[in-house]
Amino acid sequence: MTLVERRPLPRVQTEKPETADIDIATTRPGTPGGIFMRQFWHALYRSQDLPAGHAKPIRIMSEDFALYRGHSGHAQVVDYHCPHRGAPLHLGWIEEDSIRCVYHGWKFDCSGQCVDQPAEESGFARKVQLRTYPTREYLGLIFGYFGPGEPPPFPHFPHRTSEGLIQVWNVEQVPCNYLQSFENSMDEVHVAFAHQPGGSHAKLSADLPIITAEETDWGMLRYGTRKTGKVRHTLHYAPNLTRVIVPPLAGMDGVGGWTEIYFSFTPVDDENHLWLITSHVAVTGKEADAYRSKRAEYDRSVAAAPPVMDVVRDIWSGKQRFADVVHPDLAIVQDIAVQAGQGRIEDREAERLGRSDAGIILWRKILTREFRAIAEGRPAKRWTTPPADVVPTLGF
Amino acid sequence: MTLVERRPLPRVQTEKPETADIDIATTRPGTPGGIFMRQFWHALYRSQDLPAGHAKPIRIMSEDFALYRGHSGHAQVVDYHCPHRGAPLHLGWIEEDSIRCVYHGWKFDCSGQCVDQPAEESGFARKVQLRTYPTREYLGLIFGYFGPGEPPPFPHFPHRTSEGLIQVWNVEQVPCNYLQSFENSMDEVHVAFAHQPGGSHAKLSADLPIITAEETDWGMLRYGTRKTGKVRHTLHYAPNLTRVIVPPLAGMDGVGGWTEIYFSFTPVDDENHLWLITSHVAVTGKEADAYRSKRAEYDRSVAAAPPVMDVVRDIWSGKQRFADVVHPDLAIVQDIAVQAGQGRIEDREAERLGRSDAGIILWRKILTREFRAIAEGRPAKRWTTPPADVVPTLGF
Amino acid sequence: MTLVERRPLPRVQTEKPETADIDIATTRPGTPGGIFMRQFWHALYRSQDLPAGHAKPIRIMSEDFALYRGHSGHAQVVDYHCPHRGAPLHLGWIEEDSIRCVYHGWKFDCSGQCVDQPAEESGFARKVQLRTYPTREYLGLIFGYFGPGEPPPFPHFPHRTSEGLIQVWNVEQVPCNYLQSFENSMDEVHVAFAHQPGGSHAKLSADLPIITAEETDWGMLRYGTRKTGKVRHTLHYAPNLTRVIVPPLAGMDGVGGWTEIYFSFTPVDDENHLWLITSHVAVTGKEADAYRSKRAEYDRSVAAAPPVMDVVRDIWSGKQRFADVVHPDLAIVQDIAVQAGQGRIEDREAERLGRSDAGIILWRKILTREFRAIAEGRPAKRWTTPPADVVPTLGF
């Protein structure tokens, strides 16, 4: 008997971005990806989850921070550890807009200047700085800037273009690299399968969109063209934000009309990210009341349901069939099961991309080009703030 | 005070297999152990746990797979990730004997040929193959073959030699390397201690068997010789299957008569394995009914008891004394507590083997010889299918 | 746009121990820290938690052991694995003062000599030794010695200097390096903040002690001097024991009078330690009865409360605010949240030490000097047993 190692099947290459030697998934400090990502504002937290006088631990792009809200209402990101002896600063307490470390009472104002050290000599405090990070709020979310120098203009997020409600959904921590979820949001075809599993797709398949995409000054504009000739526009703002328009949501039927949804995929570290979802619902007056009431009902059903990640883990382990799941946040369960099911960091070398992956292919090319420029010290692209007049369309 | 590092006590060597530089425990792909193990069929799953139209994730020898059963009843092992974008295939759904990926609807027949890609051009599908693995069922278990070329003859498992019932037990995932459990099954002496802890062993010790073993074309035949001259035969089929005959089982007293038990120790990865237990009970007609009824009662008591691994962890942490445990699967608790208590991968260099370890010593010599041949590119042994006429004996 | 990596803020150095290249936190075998720590007796277990005839697993300084108590009452530390086939010895059973392995019945007396091997030839047992470790009991604790040669005199612990009760608290396993907790015990200033968080500290801050410290033959004597001129003495016995005097404890008001507390911080491995707390309460007769009764009430409230580490994890994750916690062991929750919140092994390079850290600074200098001597093969300090006449004082 001759023993030979198993060889992989030969692979026919269709199309593959030039990603050799460039890690497009990492956002660790000091890597090309980490430098690239730190050019932008990042959504961190729901404003409503941080009352005045409270502090919370956050982890963004493999670094730990404390986020607190002063009594004036100002939110501030600072380093996680007190510079004195390393105690976690979010254990401390808030005095006006300053934070005082719980360990020895060192107090820092919101610029990071140490302003009190109860047990030390008087000259020491002015020599001590806590690192702080530009922090802003908009559309119900807290954003932070973690790069060098001045942050880019704010809001980087789309300007509100019409009256309506802002609805920030529950924040999920997803156990995979952020780029997998961002890529999933560029993938219109998955909707017919991952979100309607097990059915007859004959009809759906007959009208799947053809995907095309083009780079813009602010990110990528992606098109889904139907046989009817109708075209759906979806906006992908660099580096991790998707703006899409959808029909009335499941569970919200009859209220809310069209909705714009903004997805932010904020890296926690290379193997986890936050999925923050904001809806802009174009209703006012009585329609808004009806929407709020329906939404409150929906929120109660989510609170009563098992946590999304518990269901996902049951799907992964084979305890529950994907197609059998019933859950008020079903689409979120489905997306996470598929995206994070690719692995903590997907093996992109093993993929076989096709024409339906056109948006993903283009975005990887852009990342690869930018990361290579950063790695080689060449000038990188100067991204602009998204314009107010380019908006998503429903297209069907 | 002079400070010196602690030196280990000098060790008097009794007998030790020549295992230097050869890792006899690993089954990772590409290692000598991985190549050796992939010559054989491996038991993977209980047939009764995989209904038609269902798919499950499995991990065998450090690689992930999906296992599904088509609507015809055919079971099939395929790669875990869809070749398109890496989604877990067991999330997909079954159409006849094909599996369709939940992410974008790519469909693969049970040979692995891609036969549908709803959103791609028509010529692409025929270029895409999903890797599949020979899959068979026998005696209530699903087997897979993960090696190169054609698999060896099937069944590799012993032919049924008499009428009777087949009973497949609950499958346990044991948190240690498979070889520890296989070695435990070669170790007849442990029964008097690990399975009757804390008692007076004066009588038992007076009649412990003398262990001897010989290599065969299909594995190893092991003898336990008592002072009475009676000899117990136990069969160890290469590479991880033990066939043993036992008296009526605890909890089953009065029914079932003699029972043959087949243990399969299938590596999940180097630090975990599946312990699959099949009994062949020589009863028919009314005796079979009585056995089934007693067994159903036993299964209910197991279902009502704490999970085996919870009890084992309580033993390891010192919360519960080994000798005090009461559990319907007591012998399984005892074996796992001892075997996996040796460590995830036992440090065999630290052992002091004796004459009672003769079976273990021989099997390690065989593995070492075979792995060395594989490592050096020399011809390895051609193992044969176990013969029908060599059977285990009770011997006391 | 020019992309530059973020640079850390320049740091003004105040005072820093000379720790370059010396790892003062590790206690792994063979490291300077491991050799240093193995010169001393270490507290391991509460005597009351180890009944005669029982065995428990312990892990000390990154090595595993079994600890058992023979039927005579003698406690003994031995290696974790049986030298035969590596089964965990604490699964075995006790015969008089010997331990018998559950796997094959090998029996070892409390010197480690193998005295029975039921299935082996008669000459083998005398060649087999189990490693044992000097084991002693004092003040309600079991101690072990893990170094070479003869252990130092016992007790290394302070001689009882007056009549009274000995109270051993619940043992906590703390998820950080032992040195962080030992350093916290040298840090008198933290009491005004970590143990009274969120309040007005104006009054407290007005009378924070000035910390000074001096090396002694047996460790370090530390002083906290108040504005009143009163001085509090605290004793830090090498390498990990703190002896401190405190007012009547929270929850025990009205009984017990002054209390001496001995803290032992025993390394489990480099990222975990045991915090063992013994109180010496100077009461006798009726006062002792009142204390015991109050203490039993307190113990019941601790048993009914959530486990300390559950509360700490809720604090770390931001689910519960440090300043809002209510718990009968509040001071322990607070200390662990802060100490282990510094990280599993604190990054001491990032600290900014001040005058209030004088005790910590001195102890690090001592460790660095000793570890360097060990690393370079030079003679290390000969530590003496603590004297009976140097005692802690309350000082306020």
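Note that the chains are named A, B and C in the order they appear, and that numbering of residues resets to 1 at the start of each chain.
By our rule, a residue touches a chain if its C-beta (ideal position, glycine included) is under 8 Å from a C-beta of that chain, and two chains touch if they have at least 3 such contacts.
These numbers were taken from a predicted model, which means no experiment stands behind them.
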Touching both subunit B and subunit C we find A
Matching the CA atoms of subunit A with those of subunit B requires turning by an angle in degrees, to the nearest 5, of 120
Using Cα averages as centroids, what's the distance between subunit A and subunit C in whole Å?
44
Multi-chain touching residues of subunit A, meaning two or more other chains, are none
For the complex, give me every residue of subunit C touching subunit B.
29-30, 35-36, 38-39, 54-57, 81, 83-88, 90-93, 101-105, 117-121, 124, 127-129, 131, 146-149, 374, 379-380, 382
Which of the residues in subunit A end up touching subunit B in this complex?
1-7, 9, 12, 14, 187, 189-190, 192-194, 197-198, 201, 204-205, 208, 315-318, 321-323, 337-338, 341-343, 346-347, 350-357
